[in-house]
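Both of the next two complexes hold chain A, though its partner changes from chain B to chain C.
Moving on, here comes the complex of A and B:
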């Protein structure tokens, strides 16, 4: 299983769940499973072109997965953090 | 720059920290830090840098104090409503520590004035509330060759990262493209969040000045006040970044 950490800003879409467990062999597949479970996240995580939204950063095992996030291979036990970059002061 | 008797008294408890000592305290006294924004992040950052004895603070804010600022912007009080934030910031900081110099400017930060606003500063605290101006500040830090202590908040969440020009990923490496003018809703925030992040930014500035510890370079620190967790993530300088291009392409910035 791969654990996806959901950012606080999107947790109202996951019934406040901080993490979600998925199966998938790439970051893209894992995130697809996430938005299948919580369709409301699609527009926040992905751009209209289906790429990662420019204010979302994906970390695989605490390291940035940029660029080519969606094609990064994942293995059992991996952790994906979906992070919304903040701009408030 | 030797410390006066009153300064030795004032800073006694931090001079006792082995990594600071009188040598570190003298470095703090000689230092000048710019603070871009006297709002939610700028308030705790300025208060702690002032209390710690950073010799000169340069604070830039264009705004006027409004009642709606006061849940988080602890430099300002109800009685300051209608005053420029720069003025109320200077008043409270001078009262807190009359042994340092506090210069303030009521100005908007633009590409044309950053060199002048931050001239003489050894580092800049990014305490802004828009990504657009953060890009201007990031470019200014690159041009001046001084570190940028970044922080940002939203609700119970916050983040911090330190940028050392020519050495670590910059804000443009992180955000990749500027915010569009259209997507700037009023950002919700509870004061404790910028309280935490502004303090982290002040700690980074202090560590940079005294030259001790590990800075948040190539690391994005994230704070989740509801889960009450801190997590730091690895960030890479981005090849092709328009702000630190020459560095990421192997040259000198």
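Moving on, here comes the complex of A and C:
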């Protein structure tokens, strides 16, 4: 299983779940599983073109997955962090 | 070589100009830019100096790497004792002036006295001319730069200048260069106005003298790749800083209607995607690839066809949410006007929104405002007030003073509605749900401010392993750290660490958008050590660079203490503690800053700094930073210049 960490500002869309377990062989597949479970997250995580939203950065095992984040391979035990570019400047 | 640039001391009363070299020891201690600027402020002013008197200084300081083969090395610092707060006056600006000043042979200017008539300085070929500026007095910030270029018959001249706001001693007048680059905060423009100093122009032909040019160029390519490949840089290139406002507002972290709400609703017209529709391109500063500054023409109304640059996210806050306006045109027009007159957009918007709340409460009436209707969201009134403040007309004369002075003039308990720290207004963000950001503004050396110590990435919800990598470099740290921005734990360390980091890049002259301010994968101390070595020949370890930033920040603290600041000044206004946030996402709604936990954060913050319980740096800390030559009067941090 792969663990997806959900950021605070999206938790109202995940029934307050902090993490979500999925199976998938790429980051893209894992995130698709996430939005299947929580459809409200679709517009926050993906752009209309199906790319990662410009305000979201994906970290795979604590390293940025940008660019080509959706095609990054994943294996059992991996951790995905959905990071929001909310700098609050 | 690049380290041979000098400090020039200019006395506008006598016309005397003296130059001195900068010792390598001073370089190692303070680097340049903001650090040396602070050293010069401490050394060349007496305690209690009148900010608008001839004995205050107007400082200009190029960062150590300005004009070199280091990416985004454009930043220049300006300083003096602030007429806004009475404490540290200090602001940083990009553009192209700093490199030109260094090419002309100067790194730092210490300007004192008062000219009998308006003047400007012209720096070139290791010389400084004091030139007549009577014909320039009364011009806006754009015209004055053009007129100087025409007068000197050189289109390449770069200038720092003030507009009418600085001439009229608006307490938050700022220093400008190019179309919109601003050294915005703490009212340095009023200091220049008090000295009859309209501008400082520079044109240089001297070689910067890069220590290892080929290696520096090659290494800088790596830095450019590092910065431009970061996800956040691509977003910034597309939308500029307005992207920050958009997501911040949708979360519920934007102070609205002064401080009554924490989100502007029905704000589609000023969302970043809407502003992007009006942009005709983007612009950047010297040696920067990010190009975060939008270029636009105003499309409607009396200002239709006017060109300007921006708006920064702070203008969306100042002339949108704070004053309750949802019109893009109002944001773009007001952004233009503060650029034109030379005023701090944050302070301007804050003062207008404060006046609007006073109007709502009946503390200000139509009689007080000269008939202006200060109802929330009144676009025409907001635009008119910007004019009136710059010209000190009517109610604008009161609002042109510092927040605390204005409150004293109005009376009637008006001070309780000010949203400020140390007499400087907050920017547009609402920090009630975010203890780290609240601590940052409360303890900031120049008053409420996001550019002194804001751990902006605290809101990213980064993996804690990433946070620890960032905040344990170059000084080990194994205390608590949490990526939950609602938490109080570990935040004091983050704030202190960010204070030293921002101080450091301001000493180097590197833009903060090339740092962890924007994201986790940006250059830091290791990279800066390499850039310093390759460009200047100075060998400094990452820790020595960190300590230089800390030294400058500590000196700011000492200056403030010298001018009367106490622990009582490191606080938030009561509304942060007493009024929970009413709007926003569930994770930010109903939040406020707990008084007891806030006090503990301040205690921990002092302890991390090695300051005592009153916020005074300990003798041991001063010795560790080689700042221990303070004499009993506190007038002399060292004897290096």
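Note that the second predicted complex is superposed on the first by the 87 of 89 C-alpha atoms of A that agree within 3 Å, B and C clash if a C-alpha of one lies under 4 Å from a C-alpha of the other, contacts with A are read in each partner's own complex, and residues count from 1 in each chain.
Note that in this section a residue touches a chain if its C-beta (ideal position, glycine included) is under 8 Å from a C-beta of that chain, and two chains touch if they have at least 3 such contacts.
Keep in mind the model is a prediction, meaning the values are calculated, not measured.
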{"item": "Which of chain B and chain C A:83 touches, first, second, both or neither", "value": "both"}
{"item": "First, second, both or neither for A:55, with chain B first and chain C second", "value": "both"}
{"item": "First, second, both or neither for A:64, with chain B first and chain C second", "value": "both"}
{"item": "Contacts of A:12 with chain B and chain C, given as first, second, both or neither", "value": "second"}
{"item": "Touched partner set for A:36, first chain B, second chain C, both or neither", "value": "neither"}
{"item": "Those residues of chain A which chain B touches in one complex and chain C touches in the other", "value": "7-9, 54-55, 57, 59, 62, 64, 66, 81, 83-89"}
{"item": "In the complex with chain A, residue positions of chain C that touch it", "value": "229-232, 234-235, 238-239, 241, 243-244, 247-248, 251, 253, 313, 429, 434, 437, 450, 454, 456-463, 465-466, 484-486, 517-521, 585-587"}
{"item": "Complex interface listing, chain A residues touching chain B", "value": "7-9, 18, 54-55, 57, 59, 62-64, 66, 81, 83-89"}
{"item": "Interfacial residue positions of chain A with respect to chain C in the complex", "value": "5, 7-9, 11-12, 54-55, 57, 59, 62, 64, 66-67, 79, 81-89"}
{"item": "Footprint of chain A on chain B - complex, ascending", "value": "37, 39-42, 127-131, 134, 151-159, 174-177, 179, 187, 189, 194, 220, 222, 224, 226-227, 231-236, 238"}
